[in-house]
Structures are given as structure tokens and as C-alpha cells.
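Each structure below appears as C-alpha cells.
Two complexes, one shared chain (chain A), two partners (chain B, chain C).
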Partner chain A sequence: MAKREKSRAKSSSPVVKALLGIFMLAMAFFILGPLLWLAIHAFVTNWTYPNLYPDGWTWHWWTQIFANSALEESIRNSLIISPIVVVLSMIICLPAAYAAGRMNYVGRKTFLIGLFAANSFPKIGLFASIATLYYALNLMGTIVGVIIIQLLGTIIYMTWIPAAAFASVPRNLEEAARDAGASKFRVFRTITLRMAMPGILVAIVMSFLASFDEAQGTYLVGAPAIYTMPTEMYALVENYPIQIAAVFSLLLAFPSVLLIGLARKHIVGGQLAEGFQIK
Partner chain B sequence: MTDSPQEEGLVLNGLTKILGGRVIIDNLHLVVKKGEMVSLLGPSGCGKTTTLRMIAGFLIPDKGDIVLNGKDVTTIGPEKRPSAMVFQNYALWPHMTVFGNVAYPLKVRKLAKPEIEKRVHEALAMVNLMHHKDSRPGQISGGEQQRVALARALVQEPDILLLDEPLSNLDAKLRVKVREDIRDLQRRLGITTVIVTHDQDEALSISDRIAVMNNGKIEQFSTPQELYDRPETEYVANFIGSLNHIQGGFADGQVISGTEVVGIRPEDVHFSTEQVPGSYPATVQLVVPRGHFCEVYLKRADVELHAFISLDVPLAGTSGFVKINKALIYKDGKLVRVA
Partner chain C sequence: MTSTKTDVVAEGLGAAKAPRLSVVGFLMALPPLLLVLFFVGLPVLIAFTFSLGFTTGPNRVLSMIGQEIHKKDQWWGTFSAYKDVIHDPRFAGDMRTTLAITFISTTLVLLMALGIGIYQRMIGGRLASVMTALTLVPLFVPVVIAAWAIHTFYAGDGFMRSFFSQFGIEFPTVTSTVSAIAIGTIWTSLPFAILMVTSGLQSIPDALIETAQDAGAGFIRIIRTVLIPLAITPIVIAGTFTAIGILGSFTIPLFLGPNQPTMLGVEISNFFGAYNRPQQSIVMAFIVFASASGIALIYIWANVRSAKQSGRI
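What follows is the complex of A and B.
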């Protein structure tokens, strides 16, 4: 009986493995396929349907992008605006997240659910009403205006994730540090912040991506004075050959991939789970 | 020998703490001598942790003072208090190695690197954990984590060591070993220690004196022997050890009717097949093996008793004679007489 159970478990595992393999391949096809298509198009002179192979290879599109001052400016805008948005978001949201993380359970849940509810309204309505305000304040078409719009989209990440991270730091780990002689500030720096760091890193990455990819609000508020990479994409898709869009997409994806790669090591550390029993 | 102030390690003077609108600690007095190991023993919720947290500085008492080695520390924050605490769940920092955990209090004190290294090594050697100094807390066993927490406390060379149920997360065997290790270290270092526990065995075996707590008050504060032999209140008698608890009176080695409470330790009930002065006929009703002794239920004309017998255990149904060697008589919960 036991033997049969065992052999059944054994025989089922290759099936499971095969299914898993097929699933992974399908995932890879749908995720990597389009990326591959983009990557190839960024370097071909022309490649259209009946042809099995591209007509030829070229750097032409890349040089064209960097020669085009409008495109170049949108890249520069994105690379300036997004880091500013992330830093501002940290300055504004992290203290709130810390406070929420230290609230009692009910207070914290109310705060976070409230934020979530506010965030789940259709954005476009919010942007429209903000636009009226912007006209009054002369923020239309300004960098500040774009920054504020993008900031709104990062709040949910920069509060939710760090609040959970702060809340998950057991109080008695902080008390143990006080008991060991550390000042409140030192406890915050060496224990609380340090232990919440993986969560904060995730929030930074998510916020950066949210800001970097934000197009709706940025277009509404920034265009035609200020274009970022995603809003510039609109113009590109309409006015340029497909290869230019491909190059641009790769450029757009590059910071995200880089950031996730850098943060991965710290996030997957898994220190939060090990080493203490949560009371 | 007179109690000069120099010998007082810790004085709790009329401590009172109100939490959530309830008086949790009620006018509590306690004097612990220097180098003494004292247990706070009591049922869940009686305020042991609250008391310890006030001594450590995490809670400020609403009334009363805390004096450590002659210095009033009542309102001093935990980081400035010369106390070190071992938490129930150890509270080791998971992002630091074992070495890092033990070194933290010294780093905070801005000691020189070589000095830190030397003292951490000493502390880890003391708890036999040198081989784990580069491990993370998550990679070592519960008993080892407990020892790291102890080393982290001892490395501070505190005036007083506070332990909150330090053994409750360990299995029974390890608990006995670790408590002996703690007692050994405590004696060797001569460090004033307050340990919280709800396990009477633990308290009886490692303490110089035990403070039995009930509802935020200390019922009795004495040596383990005294506590067992002469429990001053009915509550303590019931809490420590086992007790035959009978409503009535006591005279000529017999239970009579009355309004007092008679407490008889099962060890003080003596069974034999021969009659001796003060013994009366009895029958054995039930014998329950308890390992190295048997619990024997006996019926006499005046009273039914259970007894602990380890030698010549009688069989159920046999007749013989039972003598009560000692009885504790309580009136209104207070000890009035030992017979």
C-alpha cells in the first residue's frame, strides 16, 4: 500500500514537471517573445511579413534617436524627473509609513485601506480636476507640475510597503537595543530602519517604475511643453518608423531592468523571516 | 549581620502601575540583596512581566521608586540603566551575526575595537558558543539563541540581570540544563538577578529567594525551603507544591470539623502497616504511578488524603495506618498555626 503510494507520487512528478515546463515556456514566449521582437527590430534596416530574415542590420535608428533633440530631451526629462519624484516621495511618505506601521492594528488598517480606496478611483478623473487647479496655479506645462502628478502615483507604494515593513519589526527587538544602551535614534537607524530596508527598497523600485512609466497624467499636464519617455512614445508611434519605437522601448525598459537587478540581492536576502520568533 | 544599604542590590519601594484603567501592580515592595538570585513566581497575568519591565525602564511606575545599588533609577530610560534583560523570545537581531549581536552593546558604548573583540569572545566562551560566532540567529537552535541572548546581556556587565521566562521556549530536558547553566554563571559572576517564571520547579531549584506574586502583589518572599515548609498564605500553599486542602480544624493528628482550612502536604502523609503513636486506621483506595514515586489515595475515618510514597508502595485495597506528620492551618487565608 505504502509502496504503491510512493510509486504513484514518483510517477506523477514527471507529469507535473512537464506541465510546469510547458507553462514556463508559454510564459517565456509571451513575455520574452515581444521583447525579442523589439530587440531585433531595434537593429534591422527592414523586416516585414513574408521575409524570413531581416533585410539587413544597422545602428541607424540608435544614432537617429540620439541625434533627435526632442527624443533626447524626453530621455533627459525622464531621467531627471523620476529620481526627484522618488526622493520626494520618500521624504513625504516614509515618515507617514513609519507612523502607520507603529499605529495599533485598527489605526494602521484604516489608514492603509483609506489610501488604497483613494488610489483606486479612475485616475483620469482625478487628473482632470487637478488640471483645473494647475491652470489656476500656473503649473501647466511645468516640471513641477509633472513631478506632482507623478508623485501622486507613487504614494500608494511608498506608504503601503514600508508601513508593512515597519510594522513587521518586532517591538522587543527595538527594546532589546534600548536595553543594550542605544539611543532612540540609534535604535531607529540600526534596528528598525535596517530591518525594514528590504521593504523600502521594493517601494523605491516600484515607485521609480510607476513614475518612469507614468504617461496619462504627464501627457495631460506636461504636453506640449514637457515630454518624458512614455509620452514621447505616443508621438513616435505615430510619426516614425517602427524601428525607432523599438529602440525607444528598449531604452525605456533599461532603467527598470537595471534597478530590479540591483535591488534583487537585497530584497531576496530573507533576513526578515529568520532569526526571531514574532511574539 | 545587619543590612547595610551597600548590600541592597535592588529596592522596589511601593511600586504601583496602572495599565488600561486597571491596577496591575499594587504597592509592591521588594528588596533584593547584591549577588542574590530572586524569582518572581506567579500565575499568568499576575504582573511579573510588568514588574520586570519597570525595573528595566520600559515602563515608568505611577507610584513608588526603584533603587539600583543605592541609586534611584525610577525615571531613567532603559538605555541609561545599568540593567540588562534577556527577553522571553530572545529578541536577537536577525540581520546581525551572533558576534554582532553580542558586540552591539559595546559598540554603543564606543569601546575600542580590540576591547570589543576581547569581551565578546569572553562572553561567547562563557556560554560555549565561540563556534557559532559568525552564524546568524536564524541558523542556530533555540537553546543556542537563548545563550546568545544571555551573552549579550552579560557582556554589558550590568548591575542587575533581568530574565523574563528565559526558558519557556525550550524543551523540558534542555530547560533543566540551561537553568543550571544560568545559575552557575550567576553564582560565578555574583550578579544580582531577577528571573520571572511561572514554573515553580524552576523557581525552587535556582533561586536564593522567591517572591510569589498574586494580582500585582507579593504574597510571600522567602527562601525556597521556607516557602515550601511554611507558606504564609493559603494562596502560596496551593501554588507551591501539592496540597491536601480540607475545610475544618485539626487536633490530635486528626481532622475535625471547624471553620479553618487545613493544608496537608502529600509528603507529610505517612502510611504504614504497623500502628505508631498518632496514626489511625486507613485503607488504600487507588495507587497512581508518577515515575520515581507513587501517588496513593488513602481513606481514613476523618479524612481522605493523597500521599506521595516512593518506598514500599502498598497495593490498592490494603489496610494500614496513616499518620499526618505536619498540617498547616489557615484562617481567612493566613497561616495561623503549624501542627
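What follows is the complex of A and C.
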């Protein structure tokens, strides 16, 4: 351990430190710069180029958003549709993820790769192709149609990540509990499910975001009858001043920040990375 | 129960993961497969027949509405729509742009992910944690917002130009150029690549690195001969997922790119909608799919390789 401390100290010479500092500042600027620039626009009256300060500050655009019924409706649609999509995705995918977690390597691989292959077909091409089927089934412009489109984007998260989580629950732990007389259901509830929970949580968050952020398919299937927040954003960008789009962006980013904040520990802790390696 | 235990003794850990695929297990695995088969497999199959000139049945409506539709002249169809697309000078430019952006952005994303991952693994500390947390920010941000934020940041009246004009420097307008697409795709792809690469590097045991140090290996040598080879599977997975994601991207090139040449994702949508040439649009989708499949093969190879190494197959 002492040796490792020494090697760490050696690599942190002032030059290295300075270079790292510059690299980090550049990264911070690259990642946060555009977001801050857009966020500030939500509170400004006008911004004359090339001033570094806006002409004035205002809450005006925020009241505009809530006065506009179309925008409000898109917010409501998003908040209704995404939770439905996540729950449906859980019902459809979690049993499959459990089964996949318990299959032998070849079976699991075939199952997961199959879903992956479907996922690597370009989305925009799929949405163009799906129109035929949707017209035949009368799903165009319906909530059900939008839900199905968004559901398709969540499957890969809701199967892959929980499958890896279920697969990594030690089998001997379950067997020990069974030997101690616990019922099958109890073993599943208190051991398997509990140990796989972080993975499932990450899957839920990623699925919610995939659904909440889905724009292309929802636009193609839903517009002009159903707008969600991201599809409304397409229209906003073209028809409204930048400040309105900025306010809307902040509103749209809010659930994502909240959810990822909740699951951050597990996402960074490797549950996400774990799920994308087939073991 | 007895037989399971003997198996475990006989075959070691491998048998603990022995096949347990029952009828129930198969039925449990079925719903997502059916959903994907019906809502992805079926439309893609129908679209494929359409691209080959099968204009009847489910393709009848599109064939009536669309322009420049080729009908099959052989029993298996025709390649006319494919020829159309390949000989279209717009397509050549779009294809080059798509492949170039995919290659450049994926390479840069991997380099950044490796840089941050190695920094965190070898040096660590609070600065490294802050940096990793920072690079995860794009995961929080919906693509539509990211694209729009980057659009305004590098626009003609954006921050970059405003800032540099204070010093009398004319910073170029990046928005609506191919470079802006590269910036956008890198921005959105960073978190996933960093999560994969960092977790791969973190799982390398300290003992291995220390042994290499004791044997006199330098910083660069450790990276080259210990860290990268041992984390190659997650690195390859990060690379393939990033590349496939960028290849099919739509919102980023739509908001950030020029009208021409742009990425194929945007062109698929243009041909389907604005130009009303659905057959050519579908052909492009299949060309993107073919490229993505090539990349997916690398992904599968990496997984099989890591499975073989750890003795799972």
C-alpha cells in the first residue's frame, strides 16, 4: 500500500498537475458551457451580440409557458405517458430479464444479442418503416401508438441491465436459504430481488429517460394529435424566441436531473456498465 | 438436489450456471421478443421487400403516394432503388460525412474516456472524482436540449463568438457545419463510454499494477501492457455502442449540421417526408443498418473473447 502511495505521489508532479488542471477546465467548459449559455437565456429580456451581458433580466418567459395551453398539454402528456411506458416495460421485460439471468451462457447471449440487433437498426429508418403497420392497426395519432413506440426504446435497458443483475446474484446464497426452509417465493423476494434491486433501479431510470426524451418516433406517430415535451421542442425551436426554448429546456431537464440524482450511486457504481457486458 | 450438488463438485463453478431453461423460463423470455418481432422485425422485413420493389400488399399505400417507385422485374425483386441511391451524388457526400463523423467522434470519445479512466485508476483523488461526475452531466440532458444548447453556444450570435470578439478575434460560426455535428455527437456519447471504460479499468486488481511497478515498468508501459489489454473488452464495447449510436443519430445532425452534406439519419427522414421518395429512404436505412451490423460483429467478438478467457464457454 505504501508503495502505491509513493507511485501516486511520483506521478503528481507540478507539470502533470497543471496539465490535468487545464484538461479539466477544458472539459468543464466543453460540457457545461452550452448548457449554462442556454439556461441563462431563460431569464433574459434580450441579448445583443456581441455583449457578454444580457440587456436585462425577467421572469416573463416562465409565465408565457404556463399561459400557453399547447405547451402545458405537452407537459401533461409527457408526465402521463412516460410512467405508463416504464410500468409496461417492467411488466413485459423483468420476467424475461430474470429468465435470461438464469439461462446458460449461450441461451442468454442469443436472447440479448437478438434484442441488441433489433436496437441497432437506425431508429429513424424503423419509424419510417413502422408507418405501414401503424396505419393498418389504426395506431397513428393515438396514445397507444406513442406508448408502443416509446416502449421499443426501453426494452434494451429493461432486459440487459436487470438480466446482468439477476445473473450476478450468487446461486449458493439462494440455495442456502432454501435449505434453511425458506419458501421459493420468499427466497426470491428477500434475496434475489433485493440483491438485483440496484440494477433494476438503474434500468427504471434509464427507461424513464429513454421514454421521456424520445422525440423522433413520437413526432412521427403522435403529431399533430399528440405532442410530448421533446416533440413540442421541435416546434418551439422554429416558432418561438430562444428564451421560450430555454425555459422549456430547463423544465424538460428537471425530471432527468432528479432521477439520475437518485440513482447516481448505482449508475456510477457500475450497474449500467455491468449490464452492457454479456456475462 | 443431490444431482445438482454432484454437478457442482464435478464441474466447478461452471456448473453453478448450468442450463435451467425450462418451459416456464422460455415463456417468461417471450414477451419482449414477441414485441420486438412484431413491432421491429415485421416492419423491417416489410420495408426490406419494399426496397426490393415489392409494391403490393402492405406496401401498396406507400407505393401509390411515393414518387420514383421501382417495381420488381424479377421474381426476387429489383435493385433499381439501391442503384438510384448509390448513384445519387448527395448520397455519396452523406455517406462520407456519416462514416467520417462516426469514426472521428468515436475515436475522440474513446481517447477522452481512456484519459479520464486511466487518470482515475492510476492517480485518483478528489479531482478525478469531480471530473468523472462532470463528464456524466450529458447523461442528465435530453438530446433535443443538448442539440439546441450546443446550437446556440456556437451560433453566429453565440457565446464563443461573443467572447472572442471582446478581444477582436473573429471566431468562426461552428453551428451548421460538419464540425458542429462532431461536437454534438461527442458531447452526447461521452458519459456511456466513460462509465464503461472507467468500470473496466477499476476492476483491474491493484496487485497487477504494483507487480508491474516493482518489475520497473514505467507509467506508459503499465498503460500499454497492463491496463489497456486487461480492460479491452469494456473498451471495445464502449467503442461499438458509441459508433452504432452515432451512425444512426438524427436529432444532433438535424439541429447542428449543414443542409448538405449531412448525416444519413437526417437524409432518411428528408427522403421519406419532404422529398416523398420512401423507397430510397428505406434503402438508406438498410445501408446504415448494414454498417451498424458490421460494428455489432466487433461487439459480439469482444464478448465471446471475454467469455472464453474467463472460461464461461
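Assume the second predicted complex is superposed on the first by the 248 of 279 C-alpha atoms of A that agree within 3 Å, B and C clash if a C-alpha of one lies under 4 Å from a C-alpha of the other, contacts with A are read in each partner's own complex, and residues count from 1 in each chain.
Please note the rule applied: contacts are C-beta pairs under 8 Å (C-beta built on N, C-alpha and C of every residue); 3 or more make two chains touch, one makes a residue touch a chain.
All figures in this text were calculated on a predicted structure; none of them were measured in a lab.
Looking at the shared chain after the overlay, A:Asn172 reaches both chain B and chain C.
In the superposition on chain A, A:Tyr49 makes contact with chain C only, while chain B stays out of contact range.
Number of chain A residues touched is higher for C, counting chain B against chain C. Within the superposed three-chain model, A:Val247 lies out of touch with both chain B and chain C [touch as defined at top].
Contacts of A:Ile155 after superposition: chain C is touched, whereas chain B is not reached. Counting contacts by the rule stated earlier, residues 172, 272-274, 276-277, 279 of chain A appear in both its interface with chain B and its interface with chain C. Only residues 56-58, 77-80, 83-85, 87-95, 104-105, 108-109, 136-139, 152, 156, 169 of chain B touch chain A when the two sit together in their complex. Those residues of chain A that touch chain B in the shared complex are 170, 172-173, 175-183, 186, 190-191, 194-195, 271-277, 279. Considering their complex, residues 3-4, 7-8, 11-12, 20, 23-24, 27-28, 30-35, 37-38, 41, 47, 49-52, 92-93, 95-96, 98-100, 102-107, 109, 111, 113-118, 120-126, 128-133, 135-136, 148, 151-152, 155, 158-159, 167, 171-172, 209, 212-213, 215-216, 230, 233-234, 237, 242, 245, 249, 252-253, 256-257, 260, 264, 267-268, 270, 272-274, 276-279 of chain A touch chain C. The touching residues of chain C, when paired with chain A in their complex, are 16-21, 24-26, 28-33, 35-36, 39-44, 46-47, 58-59, 61-62, 112, 115, 119, 122-124, 127, 130-146, 148-150, 152-154, 156-159, 161-163, 165-166, 187, 190, 192, 195-196, 198-200, 202, 206, 209-210, 213-214, 219, 233-234, 237, 241, 244, 247-248, 250-251, 255, 264-265, 268-269, 272, 278, 281-282, 284-286, 288-289, 292-293, 295-296, 299-300, 303, 306-307, 312-313.
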